[in-house]
Every structure is written in C-alpha cells, then in structure tokens.
Amino acid sequence: MKNTAILLIDCPDRKGLVAAIANFLYANGANILHADQHQDNDLNLFFMRVEWDLEGFGLSGDAFRAEFAPVAARFHMRWKLAYSARKQRLAVFVSRYQHCLVDLLYRRQIGELNGEIAVIIGNHEDARPLAEFHRVPFEHIPVTAATKREAEQRQWDILEHHQADLIVLARYMQVLSPEFVARYPQRIINVHHSFLPAFVGARPHQAAFQRGVKLIGATSHYVTEVLDDGPIIEQDVARVSHRHDLEDFVQTGRDLERLVLSRAVRWHLEHRILLYSNKTVIFD
Amino acid sequence: MKNTAILLIDCPDRKGLVAAIANFLYANGANILHADQHQDNDLNLFFMRVEWDLEGFGLSGDAFRAEFAPVAARFHMRWKLAYSARKQRLAVFVSRYQHCLVDLLYRRQIGELNGEIAVIIGNHEDARPLAEFHRVPFEHIPVTAATKREAEQRQWDILEHHQADLIVLARYMQVLSPEFVARYPQRIINVHHSFLPAFVGARPHQAAFQRGVKLIGATSHYVTEVLDDGPIIEQDVARVSHRHDLEDFVQTGRDLERLVLSRAVRWHLEHRILLYSNKTVIFD
Amino acid sequence: MKNTAILLIDCPDRKGLVAAIANFLYANGANILHADQHQDNDLNLFFMRVEWDLEGFGLSGDAFRAEFAPVAARFHMRWKLAYSARKQRLAVFVSRYQHCLVDLLYRRQIGELNGEIAVIIGNHEDARPLAEFHRVPFEHIPVTAATKREAEQRQWDILEHHQADLIVLARYMQVLSPEFVARYPQRIINVHHSFLPAFVGARPHQAAFQRGVKLIGATSHYVTEVLDDGPIIEQDVARVSHRHDLEDFVQTGRDLERLVLSRAVRWHLEHRILLYSNKTVIFD
Amino acid sequence: MKNTAILLIDCPDRKGLVAAIANFLYANGANILHADQHQDNDLNLFFMRVEWDLEGFGLSGDAFRAEFAPVAARFHMRWKLAYSARKQRLAVFVSRYQHCLVDLLYRRQIGELNGEIAVIIGNHEDARPLAEFHRVPFEHIPVTAATKREAEQRQWDILEHHQADLIVLARYMQVLSPEFVARYPQRIINVHHSFLPAFVGARPHQAAFQRGVKLIGATSHYVTEVLDDGPIIEQDVARVSHRHDLEDFVQTGRDLERLVLSRAVRWHLEHRILLYSNKTVIFD
C-alpha cells in the first residue's frame, strides 16, 4: 500500500520558489515520486503538487508544519499537507437513479477510489438494498419543500456522526440550501447532466433534445451557492443524431455521468485539485 | 463522375408511404444506390432521402415532377429533386481569419466538395491573394455600422451576379441583417466557435476560458434571424486543461471550426440535410 | 411495453427489392416504426432492418413465414423475423474481474437491455455474491488445461438447461475450443481490451504500454474460431500519456470495456446487427 | 516575440535533482515561465523541461554550458539547451497528396509553428505551385528503385544547403533508406494513416476497411530504421460505420493525418518531446 505525503501549494509566482520547496524537501530526505507545477503567467500565480514516499522522510506531520511554516510565510503560500494512508470518508447522496452510486461502490470495491464510502443518504428508499449489499450504512431522509430545513439538519447530524470529508451528489435531485453548501466549501461534488454552462438547471436532456444538439455532455463540479455554477472538474460528451430520441439521450447521458463523476471523486481523493478564479487546476 | 438524382421528402407519417415511393421509382427503372429514412414517432413525421443512378432511369426532371406530383399530393409531401451533376455555387464570406477558407478551397480542389466556389467576399482584403491563387473571384466589401445597408446591397448584387446557391460564413465577423438572412432561407451556413448553445454571441473563447470548461467546441448551423440560434448541423469538441491559455483555446478552436464547417457544407451540397422543429436530420 | 416485429434481410441487390418488401408489409397492415437499409454497391449486396408495431398487423409468425417465403425466394433473401416481446436469454461468462458483469446486471435491472440474464458461469467463485444479489443463478465451473473438455461439456449442459440464446464473455479469461464456438455461430460476444487488430492475444495493455501508444482501446466482437479475429461490433478509445503507468491503462481500459461490451449486447438483443465478409452492419 | 530558453533533461532519478536544477537557475536569475517534470518510477528515470525568460538571465549559451556542466555531470544528465528565438528549419517531403503540406504551410503562415519551412522536396511536381504561392523553394527529385541511392544523395545535398533541422514526411510515399534515417536521428517525423501498431506498412486504409474496424486512426512518429516502428508522438481516431466506403476512410483519414502531424511538428519545434525506451514524453 502506498504510504506517501502530498503537498499542495498555491501562491504568487516569484523567483526562487521551486528552489526553496525543493531544498526543503531534499534537506528532509524526501524521495519525490511525482511533482507537477503550473504557472498562470497572466495572473502571476504559482501552483504545485508534490508527492513523496514517507519511507526515510524525517518529519512527522507536526514537525513538517512547524518547519515548513517560515518557507510558506516567506512566499505567501496557501498550502495543504495530506497523507495517502489517511482514507477520506465519503457521504454519497442519492435519489432514485442509482447508476452513479453503483459505479462509485464498485470502484471503491476494487480499490480505484482512495477513500471509504462512510454513508449513503437517500431521499428515497430505492438505494437501500444496494447499500446493504456493499455493507454501507444507508439513511433515508425524505425531503419536501416544507421539511427541507429539518431534513438538512438531519443530514448534517449524519455527516458529523460519520465524519464525512467529502459529499458526493450522485444524481441527487434536491437543491442544497446556501447554508448547507457554505458548511462544506470545496467539499461537495455534483454531476450535472449537461455540458455546462449549456442547459443549466432542470431538465437539461429535454432542453438539449429541443435545441437539436449533435453532442450531449455531463459535467462534474464543486457545488457553490449559485446553481450549476461552481468550478468545473471534468466534462465529457457523446455524439447523438436525429435517430436518438429523448430516452436515448438519457441512456447515453448515464454513461457520461458515471465517468465524469467518478473521475472528479478520484482526483479529489488523491488531492489533485486546486481552485482559483472559480476554475480547477487538475494535477494528473 | 457520379450522375445521380436525389429525392428528399418530408411529410406526415402514414402507412403505405414507403411502398408508394418505392413503387414509383421501380416503375420508372430507378437503380437505387442509397436510401435512408427517418421517422419521428412522437411528431408523426416521415423523412426520406433516396439517391439513384440516372443511367437507365426513364424520367427527365420535368417528367418526374409531373408524374410524381399526384403521389406527393396524396401523402402531403414536401419534396425536392436534385441532381448530383448540377454543381451548386458557393459564395464564401470571410474577414481576416483564413483557416476555414483555406480548408474549403483545398477540399474543393481535391473534389471533396461537390460544388463550385463561385466568389469570395471579404470585408477585409486579407484573403485576396489566396483567392487569386485558387483563381476564384474576390470582392472586397468593407462594412461599417454606417455602411452596412449599402454593403449588403452590394453583396446581394454580387451573389445574384454569381448565381450563388449557398452562402458560407467562414469566420465572417459581421452580423447579417434579418432582411439579408430572410432572402436565403436554409441557404446560409455559419460556424460559431463554441459548443452552442453555450457561449452565444461575441468572444466565446474568452467566455469559455473564464468559465473554466474542460472541453471547447465549435458549431456549424444554418443562419436564422436570431443570432446563433439556427438549426445545428454539426458540432465537435476538443479537450483543454488548466495548461491551456486563451491563445491555446483559439488555436485548438481553429481545428474544430474547419472540421465542423466543412462537414456542414459537404452535407448540404450532397442534399443530406432536412430541417424540422429548428433541428436537422442528417442523412449520412 | 414495446410489442413489435423486426425483419432482418440480406440478399443480392436488385431493382424492385424495396418495393416488394414495402408492398408486402403494407398489404398486411404493418405500421412501420423504423426502417433502415444499406447497400454495398461494390459487392452488390442489400441489407435491411424494418421494425413495425404488431397492433393491427394481420399475420401471425407462422402466417408471415408462409406468405413471405415466395417474396424471399424471388430475391434470394436470407431473412430473420424476431419479436421484441420475446426476451432473449443471456449466459454471462466471467472470471475474476467483475466490472463488465456489474455493468450488464445494472443495465438489465433498469431495462436498458432487452433480455434476461439467465445464468452466470464463472471459472472462479468471485462473482457469486453479485449474482445472488441480482437473483441470477451462478454456476462455478473451474477450467484447467486438463479439464477443459469436460468443463465445456458442463457449460454446454448449463446453457442447454437455461436455453441460452446468447453467450457474453465478460472478461472471461479462458479461450473457448473451436467445437464450442462452432455450436454458437454469431451467438458469442467477447470484449478484448485493445483496439483490434492491434495487440491481439494475451496482455494487450502491457503490449500497448510498451509500444508507447497515445490512445488505448477496447473492442467487442463476435467470437469465431480464430482468436480475436471475429467481426467487430464496437470499438472505443481513450487518451493516455507518459503520465499513465500500466495500472492506469488497466483502469482506463475497464471503462472502455464496459461501454463497448454493453453496446454490442444491446444491439444484438435489439436485432440490429447483420454480418457479411467478417464485418458487421449495425442498424442504429 | 517570445525570448526564452528551454532546458531538457533526462537522467537517473535521484534525491536532490530538482533542488540542484532549481538552485542553479535561481542563482542565475532565471524567471521560470513553465516547468514540467516526469518520473518513471519503474525504470528510475527523471525527465524535465523548464522554460524561462531570457530577460534578466545572467548567462550566455556558452557560459550556461560551462557552468551547468558540473551539475549535469554529478547527476549523469543528458541535456539540451534551446532558444525559442532560434527558429528551426524544416524540410517537408511530399508526393502527390498535399493536405498535410497545405496545413503545415498555413499554420506556419499564422505563426502556429515556431520554425521556418526552408524547403519542400517532392518526388512529384504537384506541390510546386503551392510552394511558390508560399514563397518556399521547391525541389523536384523523382525517385525510382533504380535511382533511389542517387536521389537520396541529392536530398542530402539540399538538406545540407538549407541547413534543415527537421525533416517532415507529409504523406511522402517513399521509404527512406536506413543510411538516410541514421543521419537524422529523432529528426524525421512521419505520419502514418493508421492507428499504429495496427495496419503497419502499405495500404492501411484498405486493410482497415477489410477488417471492419469501427474507428480509423492516424499516427505521427519519429522515423527509425524499422518501418512504422519509431516512437509514437501523437495519435487520433475518427468513427466509421458500415455506411463508409473506402473513399470515405481516405477522406476522413486526411483530417486525422493533418492534425496528428501538425501537433507532432509543433511539439518538436517547441522542444517538448523527450525519448526513452522507444516512447515519447510530451511536455504539454
């Protein structure tokens, strides 16, 4: 099993930055496995992801934090240290459609996702048997306009109880309140069944069908307070023609949704995503 | 060289339709090379394209029209008869960017497009040398807000003079007036450098860049009076990442634009496109 | 639920063919929902798929066969009549990897596949719990070089018992004997984890990795006596780069395999596939 | 205009490598614009591309070479220093088909390619007018089996005369001799009209058509002494169906060939490609 540390950095770009980071890691015996960096030369920003083997590395997490702090301060870095051995805990929200959930559970089963599915929350009962087959707790929380506030309170309690790090909306058909979203910044991933920003909102397949597009899409993104407007993580498309009716759009869309959602979740769990200007940097 | 006739039909769907058409063609000795049909079962519509060899076919164009009329009337058909040997005449409108024009001219040169490029109209002079190299007349018609009406009048005159069947806007950076568009229904093809309906209007690459999309697109469509809203003929996309700056979007976009525009023009020239409900049926 | 008949035809191309078929169907009251045809003008062959509503159609299966026989004889047709209401029965063969099986079972569950998964046969026990969750009989038949003949005998017995119409090799890691294959002509679908004909045989991902390809693929095809040589039904590819190691190839490949296998199975079950010259015509 | 230096490095992977490089560049005032690295952890290899602004950089080329030598020696680096302002000189070889040549010339014209097309060599006269339109010298060197050796001698002379850095085979239909190839290691780029390693050798479209593939491809690669076996730089594919005849394969293939060849040339000219184990690392 992988036993690595990952350091994610973003800061203003400046000469000497890479040298400072590389020297720090080298001085502490890091055996770097992957390093990737990105510069936005227009905005003068610097982004880096570096992953190293913990075997032979001299610093504990606390020691790292203490000793790296002055380097970080000098360059005005925002930074995050993560450990691959520390499995993140996922809460998956579903409604009736289970194609994304089936997919996530199977990927988890075979080790594609570096995290634990801690709990599944459904506003319908449909997914309970599948959850039980995979031995994941299932919580049924119906949501109506009248009960939404209290339903979200129950969701919060469950998320707290299961110590969820990440919420995945796997074709969850309810809109979360701004208060809920605000509690989990860059920690809620949604899949929208269109090629955003085309066909924002409800019934995107129907809208795409009516517009007569020749490709349909799906988009995974972080959820922000503005509907379907958060930073895009991944998109994909498939070709359609006049021979496809609306049901074909829906069917084709399912395959896209599974792919773009699972990629987003995997990259998040592997600490590959940085945000800026409502966009994502994906270190692949 | 191909010497074929093409019959395009759309009408309400009804039993006996295919039998009636097939019997008519068989009775007149048609050797069918391609036939394709489509039914929209929701709207109860029927569409057909059939192409046959004129060798051994018993009817002239006039005779066909006379004899097919009662069949068409019985089934309330809209129909069109075309001959592959009758080359359609294209007028290509350009501004400064020539990538689509270069592409169309080369495809015409090697016989990919079954039509003649009769004239190139530019609101800048840039494309003149290329036009001359290909021995195509070039007309420079500058357009400003003040001179637009009279510029369009000159364009009309030139189109009339060259007997243009189809107008291709090859990254032509001017919006045509509704009056102009109305004169050429389903006879003006534009390429828009986005995945419509995302990023309608000006500067779609910039808008896509700011939104942080992971795929960029291009769309060819018939021009209608509503900007970027006409029936979509073809779309394609290419992957981008945080490593792509705006110039990379533009460069990648050029390849998409050439492809989707040339496909649309080819299909139009081969009488493969039918319209309904602001959508296209493409008989491929 | 759909209650339609599907007629599949292939024969030498000849004038009057479509008229004869259309007249026959019209005379018997067929309300045609979809019709598609293809001509190979080089080989002078004609292919057709027509699907009609059985409501109001005047002929039973036997009557159809009796009355259509002279039409078919006149044009030297090979033809097949199928009913959408008659669910075909699938036997799925698996080894250890379950991604294709998970996919097929879920698609069956939501009605994407017009057939029943009658039995799952594994040469390992791994898939048993999944089979049980979906309430599909699971048969464990280990295969070694020494026991292959008798294992295939047991497989035959099970296939007979379950009246399997179609065998799907869902990443089944054993090669079937020519005798076995010969019993199920055009009735065994395999998925190979490469873009055939590149990387025939064992370990295609490893071979692709060593060759340094920039796209990897997967192929679904009918099984014939020559390994990985049968008629290709569907292929798809995904982009890889130097950043992908062999494990990434395998992971990316899984998504491709599921897609190309499920499409092949769906098209087969919907009677959309015709064969000629070791190729497929897919009426989509 | 860009005025940058690019350093390409490959060497055994070792702790301290990035620190050593970063310190060297920082000490000499390099303002890094892009840096990308790759590690092959299986083979324990390290690859890096770093590009910096020459404004404010303290070392001339000679001084760089002198001062970087000990760093390079310590880590057993192979390395190359290049300057973006130094335009590389291309020789494009063509036969009759001009689609790739048209494409390269236009991309050069608008500045997509950071190099000069110094000369076009054709074994047919067809491309001469196009060369003249772009004011590029054209040399007609017919090649037959009998005259091949002397034709290659003339080609060498012309390449020497024009000081060609890179040879681009733009659908050049002659096989180069091993002696010729050996003179230009990693300096000849070819485009093959198949998805290599499928359909190596002559007539790949015909072979693909006969095999009944559902996607066709094109591949750009460095030429080595083994035909169609050199390191792959780029590949792309397009979907085909039973509706496509051989001519459609050829037509669709042309679009793929232009794209994969131009990408390869662009990356080469931007010093983005490193080779190892007969594979390419593409720093994008």
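Structural remarks
In this document, chain identifiers A, B, C and D correspond to the written order of the chains, with residue numbering beginning at 1 in each.
FYI, a residue touches a chain if its C-beta (ideal position, glycine included) is under 8 Å from a C-beta of that chain, and two chains touch if they have at least 3 such contacts.
Treat the numbers as computed from the prediction; the structure is a model and nothing was measured.
In this structure chain B contacts its sequence twin chain C using mostly the same residue numbers, the overlap exceeding half.
Taking the CA centroid of chain D as reference, the farthest chain centroid is that of C. Between the Cα centres of chain A and chain C there is a gap of 36 Å. Per-chain CA centroids place chain C at a distance of 42 Å from chain D.
Annotation for chain C: residues touching 2 or more other chains are 41, 243. On the chain A side of its complex with chain C, the touching residues are 98-99, 102, 106, 110, 112, 129, 133, 243, 251, 255, 259, 284.
Per the touch definition, chain B reaches chain C in the complex via residues 15-16, 18-19, 22-23, 25-26, 29-37, 39, 41, 239. Residues 38, 41-42, 195-199, 210-215, 217, 231-237, 241-243, 245, 277-282 of chain A touch chain B in their complex.
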